[in-house]
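Look for chain A in each of the two complexes below; its partner is chain B in the first and chain C in the second.
Moving on, here comes the complex of A and B:
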């Protein structure tokens, strides 16, 4: 099977993908619309930022936490934005992928002249309009209620935030795909995924703003890719760090730009890793099927 | 009781009826065990995963307390969130994860299957059996690996109780504290079960919501913190509408001997009320249920 794919001239393949992509998007949108009630319920299940918020609000009551002196208002803004970023950048490709590998439906996808991973990308992207329709009102209402002081006033940082959202989505999509592709090798990739989620919740800033982590954990977090999926975009819009009022400065812009660069670097690395694992895994998969 | 369901059992002597249902329960548990033991490797992996999760969920609590202690220049032992110290909060987390182990191991699998039954129309087969349908669907499936995270939660509770000095009181008060804690925890299980049953009943009316169980679990997540973190409207909702604080904070209050008798009675009464409401709603839902095949 992989031989057939290799034989086709690459340029023709790309042209085919470009032509097929709008159709794939249309199919994805139709699917998303058909399951709109479920989508709404799925989005409502993202309660964790709010669960964290109530804890940190009371932890900061009457005091200011950490080296950057986070008060109750800042932490509230932080977790509400976490909720918005999480809702707008998450995907469920892992479940699609592991189910397709397990049930053998992947074989059908392989028969299509479009790369299966591109099919997953289309199905996830197509749900965006609907998700946007649900998230945007929430985001606007939240931003309206937050004190204007808690957000950045720098248009550059806002622009960087907007640019970082696709990066965050790509990172979460690609890392999920990577873990899902491990299902070619091990029976229960879902178990492995729990470990990944555990690391994510700690090191992405989902449960705890990273500045509040103990020093050694915080250091570890800066080296891991998880923060680029969640806290880095959030920080850009908040204009953190804000210790001593040093905010919306050139240094802040540069730091944000650097984070954006590292984020897309991680995207590149993960993309490469996914492609390699896909090839190697597919050879195995073909062997399984006979 | 007038009902369109088979009534043979309801005409029997109460004690014989109870024995019969206990035997039935044992049979259902054994069936689950046998089918789950085919996946022994899963048992270990999933169990360990749950224990790992318990640790992850304890991290924010610990970090929040140490950040507050540092900000106020106090020791961890003197740091409080509205009257709840680190170890009493950990007790709440322990009770929460024990409750969650019960939910995931004994309540969730069965009741999630009901939603599936309703969707496929196979609930008819359950309704045809000569026993109470609610009993049958509620005991249909158990996931025994949650015994592992239940034990881990008990260890956490034991550790936190030791640190909190719960065990230092005399034998008499300790017995009373532990007994009332256990009673309130059983009430919490009943409340959880009743709420879940109400969610399942919703599936009779809105069929296409098989991910409702995730929503339920997501809301339950708020119960992991002591009740002092909730303020205003949230406190009212989580005490009277979805009684999360009653489920996890009250048992700890009882263990720390600071729960008033009236609160305890309210909790027990509330559990009874919820159970009655859910039973009533279930019977109504069953009565108007027109199967997919008819």
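Moving on, here comes the complex of A and C:
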């Protein structure tokens, strides 16, 4: 070995993260491809909206449900879009994080000079192309068969929908990370994933449109971030009223814009909470087994 | 250079280091399990107590102690994975638990029982990942990788998924991945565990070579005393979280076992009573005998043996390090632990 000397000072901080990120993504994609069968199975398990669609279609046969009079066509469009948004914005970082903390594998990530959370971001984002390859044909085929009136024709609403997708992914990722970091404090963190999934299933609109929830539960849902991970983007593309704004009107656009603002506000708050919990958790970290 | 400057120039400086864990305790059985739902009892476990030492740049130091002595906990604190409960650490001038980029870029921690290699991808992908996260310049990376590939004979395994590699191949790749950024401080925790003898020799040679070429500091824990003998002129011995010895390996062995071990090859069994006259008989079976002789009496013992017995072959060695360590660990386990030689920076 020759005693080589570095020819330039190495990057640090954010500059290092930016330089390293493309490689993290590339390696993440290679891992996603290595686990392609597992990912396909996982994605097939997230087809709950299709089951919900069939159930609610039969419940709505010949009638209209809820205060907004949802009929069979609206429910079909809702659940198909729910499936597409869910598949394109979901994350499983909670499972990875709790497992890494519990097993001590987090130690290997901590030894590297790039923030471990950035590694998790890259691994989740890297699976997007694979997910897209699976989701897009499904989405196109399903949406092709929808009535043209089921979706909004307002380009502003469509643009807001597109902007809400990264927000939905960030919210999903950060909320999962926050819950996952509780593994620093809880001896057995395996159940945390199921707590999160339970809350998400009820309060995001995954199982049932929030408007069909009992009034008190619907009100509770408006105070929680889960609807911004799923139902709010779905409503934007459907052109359903958001926070009282009517379809394809200026008021409707403003209401949708406001929801987008609240979504990103939640992102900011959760990011701060995650950073604080991360810092406090590391002080307690015992790196057992690792 | 005065004492203060020496301390500042140390590669590793540890002073009054402590680490305690809060461990949940519960007796077995159903009722204690139910009771623990609302009343949990914790015990404070002291893993490291008031540990102080300094290691100079380029030193190779063995970190020894029985299981649970606090070695791995200390290595984890030195590499910034754990926050100390008390005391202070400086590694290359940095406080490890702050995990500054410049600090992480100049250390590495290899844990023989844990891996950083990506399990389902070939080692080449882990190497590329490390190049990016350590921001190693491309030319330097290619040069270092070529050298490591040649020295560790990795060319055949670079493109094979890690899960399909043997333990020895994985360990060599682990070392390569850990050294690609040319760290100045190496923390090696059981780097040869589970490897066959020839692979252990290869890795020892490689670590020594790296230390000499780059002037890197090496702190190594191992249960294989051959690792320590081959690599570490100096050892730190800890037990129950406290430093029990800090000094040369040779002086540790001589202070614990001031005897030499004489091995004799004879045409037949030695007559009764002959060997006992010169020392403690460790083994006497058929044509081979091993006797432990006080160092001061070695010369007289040799001439007596050569006169009294038809010796075919004779060798004189220090007692095996494994045995000496077993004796030391047994001593340090007791209340009257040996503290002579315990140093501080």
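By our rule, the second predicted complex is superposed on the first by the 268 of 290 C-alpha atoms of A that agree within 3 Å, B and C clash if a C-alpha of one lies under 4 Å from a C-alpha of the other, contacts with A are read in each partner's own complex, and residues count from 1 in each chain.
Following the convention adopted for this analysis, a contact is a pair of C-beta atoms (placed from the backbone, for glycine too) under 8 Å apart; a residue touches a chain by one contact, two chains touch by 3 or more.
All figures in this text were calculated on a predicted structure; none of them were measured in a lab.
Visitor: Now for A:251: first (chain B), second (chain C), both, or neither, which partner does it touch?
Guide: neither
Visitor: Tell me which partner A:30 touches in the superposition: chain B (first), chain C (second), both or neither.
Guide: second
Visitor: Can A:42 be said to touch chain B (first), chain C (second), both, or neither?
Guide: first
Visitor: According to the stated criteria, A:18 is in contact with first (chain B), second (chain C), both, or neither; which is it?
Guide: neither
Visitor: Let me test your reading of the model: by the given contact rule, A:195 touches which partner, first (chain B), second (chain C), both or neither?
Guide: first
Visitor: Contacts for A:282 in the overlay, against chain B (first) and chain C (second): which applies, first, second, both or neither?
Guide: second
Visitor: Now for A:186: first (chain B), second (chain C), both, or neither, which partner does it touch?
Guide: A:186 contacts neither chain B nor chain C.
Visitor: Residue numbers of chain A touching chain B in their complex, please.
Guide: For this pair, the touching residues of chain A are 37-38, 41-42, 44-48, 50-52, 54-61, 63-66, 188, 191, 194-195, 198, 201-202, 207-208, 212-214.
Visitor: Would you pull the chain B residues touching chain A in the complex into a rising list?
Guide: 42, 45-46, 49, 52-53, 56, 59-61, 63-68, 70-72, 81-82, 206, 208-212, 214-215, 217-219, 221-222, 224-225, 228-231, 234
Visitor: Which of the residues in chain C end up touching chain A in this complex?
Guide: So the residues of chain C touching chain A come out as 21, 24, 76, 79-83, 99-102, 104-105, 107-109, 111, 114-116, 118, 120-121, 125, 128-137, 139-140, 143-144, 147-148, 151, 161, 182, 209-210, 213-215.
Visitor: Residues of chain A touching chain C in their complex?
Guide: 1-4, 6-8, 10-13, 16, 19-20, 22-24, 27, 30-31, 34-35, 104-105, 107-108, 110-114, 187, 282-283, 285-287, 289-290
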